[in-house]
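Two complexes follow with chain A in common, the first pairing it with chain B and the second with chain C.
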Partner chain A sequence: MKDISYHKPITLEEALTLKRELGPGAHYISGGTDVMVLRRQRKLDPTALISLLHVGGLAGLRWEGEVLRLGAATTLCDILADRGLHERLPALTDAVRVMGSTQMRNVATMGGNVMSAAPSGDTLCPLLCLGASCRLVGEEGERLVPLDEFFVGPRQNAARPEEILTELVVPLPGPRSSGAFIKLTRRAALDLALLNMAVQLWLSPDGARLEKARVAAGVVAPTPLRLCGAEEALTGQPATTATLERAAQAIGGECSPRDSHRCSAWYREEMLRVLLVRAASTALARLGLDFALSGPEI
Partner chain B sequence: MKRTIEFELNGQLVSAEVGGGQTLLELLRQRFELTGVKEGCGAGECGACTVIVDGRALTACIYPAMEAEGRSVTTIEGLATAEGALHPLQSAFVEHGAVQCGFCTPGNVLSAKALLDQNPDPSEDEIRTALEGNLCRCTGYQQIIEAVKAAAGRKP
Partner chain C sequence: MSELNYVGRRLPKVDARDKVTGRAVYINDLKRPGMLHGKILYSAHPHAIVKSIDVSRARALPGVRAVLTGQDIPEMPIGFLQDNRPLKKDRVRTCRDEIAAVAAVDQETAAEALELIRVEYEPLPAVFTPEEALAEGAPLIHEYDAKGKPITSNKLKLPWKLICGDVEEGRGRSRHVAQGTYRTTWINHCCLGTSGVIAEFDLDRNLTMYSITQIPYLAQNDYLAALKAMGLGRSRVRVVCQTIGGGFGSKLDTHCYEFIAILLAQATGKPVKIQFNREEEFLAQATRQPVVMEVSQGCDHNGRLAFRDVHMLLDNGGYTSWGATTPSVMMVPISSLYRVPNVRYVADCVYTNNLYAQAMRGYGNPQATFGIESNLDQLALEAGIDPVEFRLINANQGGDVTPQRFVVKTCGLPECIEKVRDGLGWPEHRKAREEGRNRDGHKVRGQGVASLIHVGGGARVYRSDGHGMIMKLDDFGQLKVFTGAVEIGQGNETVLRQVAAEAVGLCIEDVQVVSHDTDICPWDVGTHASRAAFISGNAAIQCAAELRRKIFELAAAQLEVGPDDLDLRQGMVVVARGAEAEGQRLAVTEKGESIPLSKVLRRGHFSPQGRMIIAETFYDPPNEMLDKEFKGNLSCSWAFGASGVEVEVDLQTGQVRILKYLAAHDVGRALNPMLLEGQIYGGSMMGVGMALSEEVKLERGRPVNGNFLDYKLLTAKDRVPITPIIVETDDPAGPYGAKGVGEPGCVPSAPAIANAIFDAVGVRISELPITPERVLRALREKKEDYCRIARPAC
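And then the complex of A and B:
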């Protein structure tokens, strides 16, 4: 494999200057668990790599009032090390816990998972349910892009080539809300999702009804997808099993799962409904309601 | 484009000329001849190339060598003492029959070491999670887990 240059800027300005000077062949890299594999598979052929791991201020969690600012270079193991995060955003930690392996979570970053924009990216569904936005910094300054508008195709996102994702801005859902994430795989570790799904539910003040609901699924379309039919079927309804089952039947038109060597489209469509009931039940159980958890609570 | 970097390797400060596209696995095997670092899948999925960098286990086959600069790297060659006394994990692997063909062994021992260094008394679940990225094609998982349990608490 031909040799390339490797750069370690320590400021965003320096990173952007390097990207401008090195040209379109230069590629950003953070944990490298995607970039290094794609390069070896010859699906990516960068002339230079610009590491974002040494840029100041890109790693770590900042709780600011009603918002969590999640630095793009925060590793997946840092996410799991933060107990407060599991209590407040369990759908996200459910997802991170089943990603890759310990070795991968030690280096892979939150920002990397979002920028890779894979249809199966495990953090993407929880982040979509939470209404997260991406803060991008580029030649023309800074902008905040809602995640709902960020994924434009398989492994394609709305960032311009030089733009750097600096943080994910996650509105905190509050005490009457909880979530859950389920990943369907053939084995427990080191596997891509056959299907993944996140749910975030908000209860009414009296706890009887679902005031708001967000549902997102992966590997059912070219991008991770909000399931609006299911969300509508949950909103305003009593928090009962019958409601969850009706919502599962309301999953429809927006999904276009494919047959693949991993599993069939038919199986994906069937399991999508099963996962919705399981994930929503787990979220409601976490809110103290009498529902079954889909797995052991840590 | 090559550049000289310095880092700590098995307790010693070393320097090496490194290419921008080079992996840590290539650097360790080719330049330092530390062939205990095995290349299996080359995509971070089998764990045979596991090393410890700044206390965390990672797969050297997809880790850029340039990122080792200024860090501390431990390979399997760094575990036994200079006199040849085995690390408690290595002894426990031998005693519990946790080594069959041996190809996955350095990675499994290092994943376990990273765990025990942070958490000297792990539960079986924590051991399984720490080792989930290390595949053993001889399927000796049970013996490996028993060995890690036995080594936990033994002083290095």
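And then the complex of A and C:
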């Protein structure tokens, strides 16, 4: 059997040096819940694994004024343990709560989910709606890339091979905003989304209109996708069911759901509209408006 | 019968602690000295001529000890119709066909060697449904039968045909008739422990199989036949079962991989282990039979069933296992679920280039019951009779002899239906539905019921349905019970311990079960047909009587009383029944008229020409083999039950959520209510999976979802709120009145759920699994207002 060397750097510099020295066969690994599965499926054939879990400063949440800085090595269970997070960014915690299983959430990281860039990655739509960016550190220094520009194909992102994701920078949406996330699956746990959707809505100061709206969906295109037609149909409109339904009808050409053995395209297409209305209703209900929640609250 | 000490008690499983602490030794854990690892190369095509196989590079790989192909092995036909062989030779018929096998020093080397094998195929046209396979000009999947006679059709020569009464007469006098076509699909057993075996020869060429079979003694027979074919006709076979990580019928046949392990062990002179990974388990392990069934039933103006007519097509896949005999058990509900005088059942098993099908929990009963019970609801609707009322009108009763000549001594079916009705709040729901109160926004609630009948006292599918048992007492009053039954996680050893302690009169701590070894334990036909607790329980009672006779004979001499005056209670020999009144002298009076059994045993042992106490028995239940017309009392006890389900259907997504699930079972008597509930929970979950989510999806005969991400086995988080309801009828044939209950849990789930969905939204889903897509599509196809249709006049 081929041996894989395993490395545990404790600084970013050390990690980057290792990556350079070990060459293209070396892969970063955080929780390993993606890496190890891909390896077993022979879609990844690493000669070396560089763990990022021991690099200082990569884990944990930091609230800094108007932004939340979410360390790449923050585990999914850390996300759920933070009650403040659910109050302020419910779309994100909605997503994390239905990911994998308890065992998987104990080890899987936020950074790993983002870097995997799977079309079904559950945290990606909420992060897109929140306008998050990722901070990457590489040979040529550090840069901040908006997530809107980050996902370039199925399991492909805009990072260079040696770049390390250190944190996600999430602007806080403020008190007049709320969000929601819904994942369509065949069972309650250990399932990947047939479709997932996040919505973030901002109310006008008088609470009558939607000042701003962000909508994103996964598994409808090679990458998670902002649904601009729906966003436009929501923006500036009164917060009514009729508005939500119009927005659902405005979901359009950007989506190209596919037939697969998991689900057929027509079903995904129909569900997009259903999920939009439900996710938006939940977001509005969370803002205290008279709308139905689509799932149980924690 | 006096008060019981152990029967009826909620005792945890004897192996529970070992299993949760990781001490239990599964086949995955087992290593033998010098052991090699075997791996199998499967076919790249569903149907092809194998033109050539080049194994030279694999043989040359360091660490490889043997490479075998179909050319290297003797003719050794296997399977129910002997239409299979461990390694295929000139032709492959499914994607799971074994082409070559490697034994190497470790799994990785074996896997690497497989990649070095070059196979040249010439693909043949292939068929993937029974209908295609029966079409004119379809390619023949097998050209010759086991005797070398040419085969002219893909239809198996297994004439399943049951006629009771006159179906046409029944149809003629029916006021209402319902008919429909129902489909079920490929389902994997999903045993948490994957298939595995170690084959090991000793220097005298005797074979030991470290196995996880459900049928050690029948397997022993199959292995002996294989050894004979290999020129080892004088070799012995010992089967030693490990802790078995789930059976569910998947281990009622001997499979190709087991014979491959034997062949590799012979070729290398080393123990060889083959252990499937999950992908192999989905590819190479045979599944439940998919069926297409046409069902029609009719009733008179009073709602009494007049006839039932069922025609079934079963996808056998490429080879024939014992599973091809599932129609014999499908007949059970078809002929005898409810009172129906006229029955016709014709089933054809058809070869295709799919995987192959085998036994699985319920042995065809869940498929057949899905058709019958879905159709029965349609008939109730036609007749304008409430579905629960309709079932009660037609329910079996104790004392019935059914058209297939089943003798129903006890029957709790009416009580099961009533309890499910009451538990569901059926009348309240009907009222709510009438008033449109079962709808909340886009969610609509509905209720459905379905019943079951299953063999409850073994089943004579082989010539013997017997079970051998030995009971041996040692000097300390400890009892060892040697049984041929295997524990597959269902709890048989716990229940057997309870029954043996009860029947002999010992403390349960002093009873141990010894099993899982054909060299040590007497013969048993196997753990199948929900029979283990029933048959081994009866064997224990029979054996205990013999043991007690011997104990009392020994004690009587020591105590100078008559053997009839003695009793054994909780390990104490007690003088009972007014011995004193008869004026006999009692040696034990000053000791309170009782003496520890251990003392009696030691005195018996350590005396001139001493003796020890051992008893043996062979219990074969009074079951009948079905005759040429497939009639006869297949089982000496019949189990009944009913499931009631409340679902909530989402009109926008087609998703179905189960809000209530009541499972009432006539179990004769609950020997251990805790384990019994475990069987009901597990069976119900399996049934719900079959109903809603489980399916091995095949594309050109190859599984495309052969992993636990894509094969939707439900998880604990799916929280189906199952409520077991135990109905006791005290069957005279059963041990302390008990009936078998291993399989029934999964039988009525799918039709109960389908009926509840119909009740909610008025669409009849007649193909499993009932996916959200299927529900939504059906809702779309239905033009009328769901709510109005969901309220049929009744």
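Going forward, the second predicted complex is superposed on the first by the 297 of 298 C-alpha atoms of A that agree within 3 Å, B and C clash if a C-alpha of one lies under 4 Å from a C-alpha of the other, contacts with A are read in each partner's own complex, and residues count from 1 in each chain.
Simple rule for what comes next: contacts are C-beta pairs under 8 Å (C-beta built on N, C-alpha and C of every residue); 3 or more make two chains touch, one makes a residue touch a chain.
Not measured: the values here are computed from a predicted model.
Residue contacts after overlaying the shared chain place A:286 against neither chain B nor chain C. Contact with chain C, but none with chain B, is seen for A:261 once the two complexes are overlaid on the shared chain.
Touch criterion met: A:271 reaches chain C, while chain B stays clear of it. Within the superposed three-chain model, A:88 lies out of touch with both chain B and chain C [touch as defined at top]. Applying the stated contact rule after C-alpha superposition, one finds that A:189 touches each of chain B and chain C. Once the two complexes are overlaid on the shared chain, A:19 sits clear of chain B and of chain C alike. Measured by the number of chain A residues touched, the leading partner among chain B and chain C is B. Comparing the two complexes, residues 1, 101, 188-190 of chain A contact chain B in one case and chain C in the other. Residues of chain A touching chain B in their complex: 1-6, 8, 29, 32-33, 36-37, 39-41, 48-49, 51, 53, 77, 100-104, 106-107, 188-190.
For chain A in complex with chain C, the residues that touch the partner chain are 1, 101, 184, 186-192, 261-264, 267, 270-271, 274, 292. By the touch rule above, chain B contacts chain A in their complex via residues 1-3, 19-23, 42-45, 47, 50, 56-59, 62-64, 66-67, 69, 111, 129-135. Across the interface of their complex, chain A is touched by residues 106, 108-109, 441, 652-653, 693, 697, 699, 704-705, 708-710, 712, 714-719, 771-773, 776 of chain C.
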